[in-house]
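Reading through the structure tokens given below for one structure.
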Amino acid sequence: MANEGDNIRVGKSKASMDFATLIGLISGFGLIIAAIILGGDPTSFINPPSILIVIGGTLAITSMCFSVSDMSRSLKIIAKTFFYSSRDPSDAAIQVLQIAELARRQGVLSLQNVLDSIKAEPFLHKGMLMVVDGTPGEEVEAIMRRDLNATMQRHHKGANILRKAAEFAPAMGLIGTLIGLVQMLGNLDNPATIGPAMAVALLTTFYGAVLANMVFSPMASKLERNSTEEAMVNTVYMMGAASIGRQENPRRLVGQLNSILPPA
Amino acid sequence: MANEGDNIRVGKSKASMDFATLIGLISGFGLIIAAIILGGDPTSFINPPSILIVIGGTLAITSMCFSVSDMSRSLKIIAKTFFYSSRDPSDAAIQVLQIAELARRQGVLSLQNVLDSIKAEPFLHKGMLMVVDGTPGEEVEAIMRRDLNATMQRHHKGANILRKAAEFAPAMGLIGTLIGLVQMLGNLDNPATIGPAMAVALLTTFYGAVLANMVFSPMASKLERNSTEEAMVNTVYMMGAASIGRQENPRRLVGQLNSILPPA
Amino acid sequence: MANEGDNIRVGKSKASMDFATLIGLISGFGLIIAAIILGGDPTSFINPPSILIVIGGTLAITSMCFSVSDMSRSLKIIAKTFFYSSRDPSDAAIQVLQIAELARRQGVLSLQNVLDSIKAEPFLHKGMLMVVDGTPGEEVEAIMRRDLNATMQRHHKGANILRKAAEFAPAMGLIGTLIGLVQMLGNLDNPATIGPAMAVALLTTFYGAVLANMVFSPMASKLERNSTEEAMVNTVYMMGAASIGRQENPRRLVGQLNSILPPA
Amino acid sequence: MANEGDNIRVGKSKASMDFATLIGLISGFGLIIAAIILGGDPTSFINPPSILIVIGGTLAITSMCFSVSDMSRSLKIIAKTFFYSSRDPSDAAIQVLQIAELARRQGVLSLQNVLDSIKAEPFLHKGMLMVVDGTPGEEVEAIMRRDLNATMQRHHKGANILRKAAEFAPAMGLIGTLIGLVQMLGNLDNPATIGPAMAVALLTTFYGAVLANMVFSPMASKLERNSTEEAMVNTVYMMGAASIGRQENPRRLVGQLNSILPPA
Amino acid sequence: MANEGDNIRVGKSKASMDFATLIGLISGFGLIIAAIILGGDPTSFINPPSILIVIGGTLAITSMCFSVSDMSRSLKIIAKTFFYSSRDPSDAAIQVLQIAELARRQGVLSLQNVLDSIKAEPFLHKGMLMVVDGTPGEEVEAIMRRDLNATMQRHHKGANILRKAAEFAPAMGLIGTLIGLVQMLGNLDNPATIGPAMAVALLTTFYGAVLANMVFSPMASKLERNSTEEAMVNTVYMMGAASIGRQENPRRLVGQLNSILPPA
């Protein structure tokens, strides 16, 4: 019995690194850096005060819009959801059905043997623990649905923070450029300095555009996309745990899962 | 009997090439290219690093927003839906009614002879196959509706990717122009190079504007339009297959189709 | 009897020319042309290649977003709805009530005499024809409502096409200006040509702004406004025809019309 | 009895001048004019052709979007709602309750004595007139609600016209500036004229920005705000008249009004 | 008994200073000021007429959109909600449950001893006062819900005013810059003054960008965020007071609060 339970393994259930994010980030910045190096002296693109104004200013304004705890909590969520992508919902459905089949054949208590193998999926693990403890199906579903909604809300807040940052970064870039322009125009005595001064003034606009379009905005989109996918997988887990908790026939679970999953 | 079934031919049911798309694309780019050639040396408009920054950068950022599999799957959908337009919903309705009439007169099994002639319309073919196999009408409708929704969602995702690309292309153009401006302004020693350097800097803005407004944005609109039309045609097929599966009188099907189709 | 029916005349029911549109169009362009002529040589504002890029390019991209048949069908709708405004809904209500009164006093068949006098209003004419033919009120209403919705959808599509064109025209203007700027900057040898070259480059931006803001955008707004008004008038016709078809007392029709018409 | 009715006076029910609007308008323009005069010659900011293009063009395009009757009718509504603000909803509620109390104690006919004192509030006056005439409460409510909705729709249309004008004014400013720039660039022979010509070209942009941001856009916001407040006051009147017409106990009316009014 | 009531203390229920707001505001402006001082003469960034145009003009236009009383009332709300953040909803729930437990054990009248200790939370205090006075639970809930909605509406109006100001500040900056440019271009005689005059002209754009992006826009976001949180806490108080007023078992209250609070 224990052996059989062990057989139901999560097919490498650990959330895998999200390579699209990394590849996009690296190739995007690679192109920009290549263009800068090919064009001559790359040091003219590094100006610490400008970097400070744009990055520091964006962080300052964005944190004004939220609370300190919002910001720190969301940073963790952003990092986690951003770099790791969820499992395929169909794989999750197959696994859940295997567990449901086992529960029907050998009783709910036999699931105790499976608990270890699904530790990599905390949401499924938590649900199954409640089922093994004899929590009724309705309550399992209610608790898991509340968790699911709270997670979605946290992701939503994280995406909101990123969207705000993507909105403020170009504004800070514009403010920095205006400061540079006013300073330059006030001292037109030496025409030789006009070019370099203007170049420095434009740098904050450049930083703001890069930050908003190549970092914050795609991160917000990715976070929303991964959140939707995670919600789909967790809904599969919730339906499975609730169905096992209600001791339903796995055939009913198949129908329920089919109604929410896209056809193969 | 087989002969009669053969008579019900799909009026050239193969999805036809969408010429509006091609004509628009060719004439739009033709105008741009003509303006460039008439204005003098066209080679000044070709700058490989600029092209790389805008196209490569847009692809990199867009793929950051989605996953690698999202991108590759959507490219196929975009190509398919973009270049081929659906049949007219009224034609589809007439064909479905002919099949329903045949089924009523000669029994559902006689539809086996029609199956071959509708292979060009996979969605209709799949539905009729289920009907011939004796699947009840309700189930045929449920399965086909799920397929329909999944297709719509895939189209929607494809249009989203194109919209994101249309949003990022001008941003990459701006970033490229800022890089060029900063490099130019840092080296104002030789006034003779100002003009050409500025021309090169503006090229990325030009590429970004062309990509966004003449490629990505119209493609997204077209994809959405074709998706709506395909959904209409497939809804007609679904209603027809379900009605035949329920062995209803074709007259009821006429009423149902009339309620969703625009008047002639 | 025939005489009485003739008395119920549609108060010049022919849709009248919409002068606001014409006056606005003419006075707007008049101001622009006056400003151009007062400023000196008007020929500097006419540049065939620039006109071709903006108008041709806008048409090309817009038609890419739709199908060829969408475009040609919508052009007719745009022309028709744009230049002619509907009758006043209150006038339409009074006319419908007169017809209903006649039908109650002299029977539905007496309406045959009115049919000719309402030919200028095809939607009312079609409804009355069905009533005279003895079509039951419910069916008259269903058919007319379907026609009404289809007309609204066609208008909506026409307005969408105009909105898209208003979106693409400035984009094509920007692209044209960028082409001109790149060409000018590449040949800075002769300073005397900078001014005129730049003037030509700016022309496409000018054309794009004029097309979008003085043609496409107001036309889309006008089309939507006229569509709403036509829908109101046609709803009055539909309610009237249905009520007569159901042989209701005209007093009930008064109440129904009052509930949708604004107070005098 | 007449005396008592007279006691129920509308606390200066005449709609009062809206000073916020006037103060804002005057101080905003005062600042602009002060800045212009302090900067030197104010006549350089007055250019009749530019004023004509921006104001005339904006009117022309805006009237293209609507009909002539829409425009003239809305102008009156704009003026009326813009300059006069409604009474406080709580004051209106107190007055309505006093009238209801009077009606309960001395009968509905005694309200005849109050009619004169509420003439300044036409909507309340109209409702009370119907009540005194013995119109049943349900009908009073239906008629008043229809009037209320029609007024709201008229206000909404007025705000829409202002929003459109705020959208077109900067566009006309841009078009005017482009005309000026093209004319200036075509005649670069005399460098001394570049500055003044460019100044004139920028004037239309200036006029457009002032018109849109300091006139049309705040007027639209104010119109919407005043419309909401007027609707609240008129809803109080409607509820009161309907309740008196239904001969309900004023205590019920207190509860109804409490549910829609904000707490003190 | 009094002692026990005293034990139920609000865990430092006084609304605490919102440090994220202050830190963001100070560090954001600190960066800007540092950049200005590092770049040379900071006095060139202070121009009283420009400050007057942007700040005065924004206030003038914004107050045109609202009424004088709207503005003064909202300023207080903005200050209060902006600088002080609400308590944690979970803390509020624990406190409410303690009070409910006390009421169940010792009767509703014993809550009189708690009233003093919750004076720092006026909304909870008001609710408990009604409960102690014997107001039925349904009425307590109705009154508190009305208060809650009115508070939300006031916050919403405050956020609206800030959003409008964030919209008008850059517009006033642009208008100021246009005035400066027109004045400068009209007097190009002395090239030495071009630079400084242009610098002054750009200052209003700078002020407008700073005001909109670093003051009004983040304040509006923060106000909305704090309003949502305060509504959550006050909903907890309302549910608690209503439940105690209905003399329900505190266990039911636990379930109700769980359904609206996020999991720990």
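A few points about this structure:
Letters A, B, C, D and E mark the chains as written, and numbering starts fresh at 1 in each.
Note that in this section contacts are C-beta pairs under 8 Å (C-beta built on N, C-alpha and C of every residue); 3 or more make two chains touch, one makes a residue touch a chain.
Given the structure is predicted, the values throughout are model-derived calculations rather than measurements.
Fitting chain B to chain E on C-alpha positions gives a rotation angle of 145 degrees, to the nearest 5. Measuring from the averaged C-alpha position of chain B to that of chain D gives a distance of 47 Å. Centre-to-centre, using mean CA coordinates, chain B is 29 Å away from chain C.
Multi-chain contact residues of chain B, defined as those touching 2 or more other chains: none present.
Chain contact topology: the protein chains form a single closed ring, every chain touching exactly two others. Taken together, the chain E residues at the contact with chain A in this complex read 18-21, 23-25, 27-28, 31-32, 34-36, 38-41, 44-45, 85, 192, 194-196, 198-199, 202-203, 205-206, 209-210, 212-214, 218-219, 221-222, 225, 258-259, 262-263. The touching residues of chain C, counted against chain B in their complex, run 49, 52-53, 56-57, 60-68, 70-71, 146-147, 150, 153, 164, 168, 171-172, 174-176, 178-183, 185-188.
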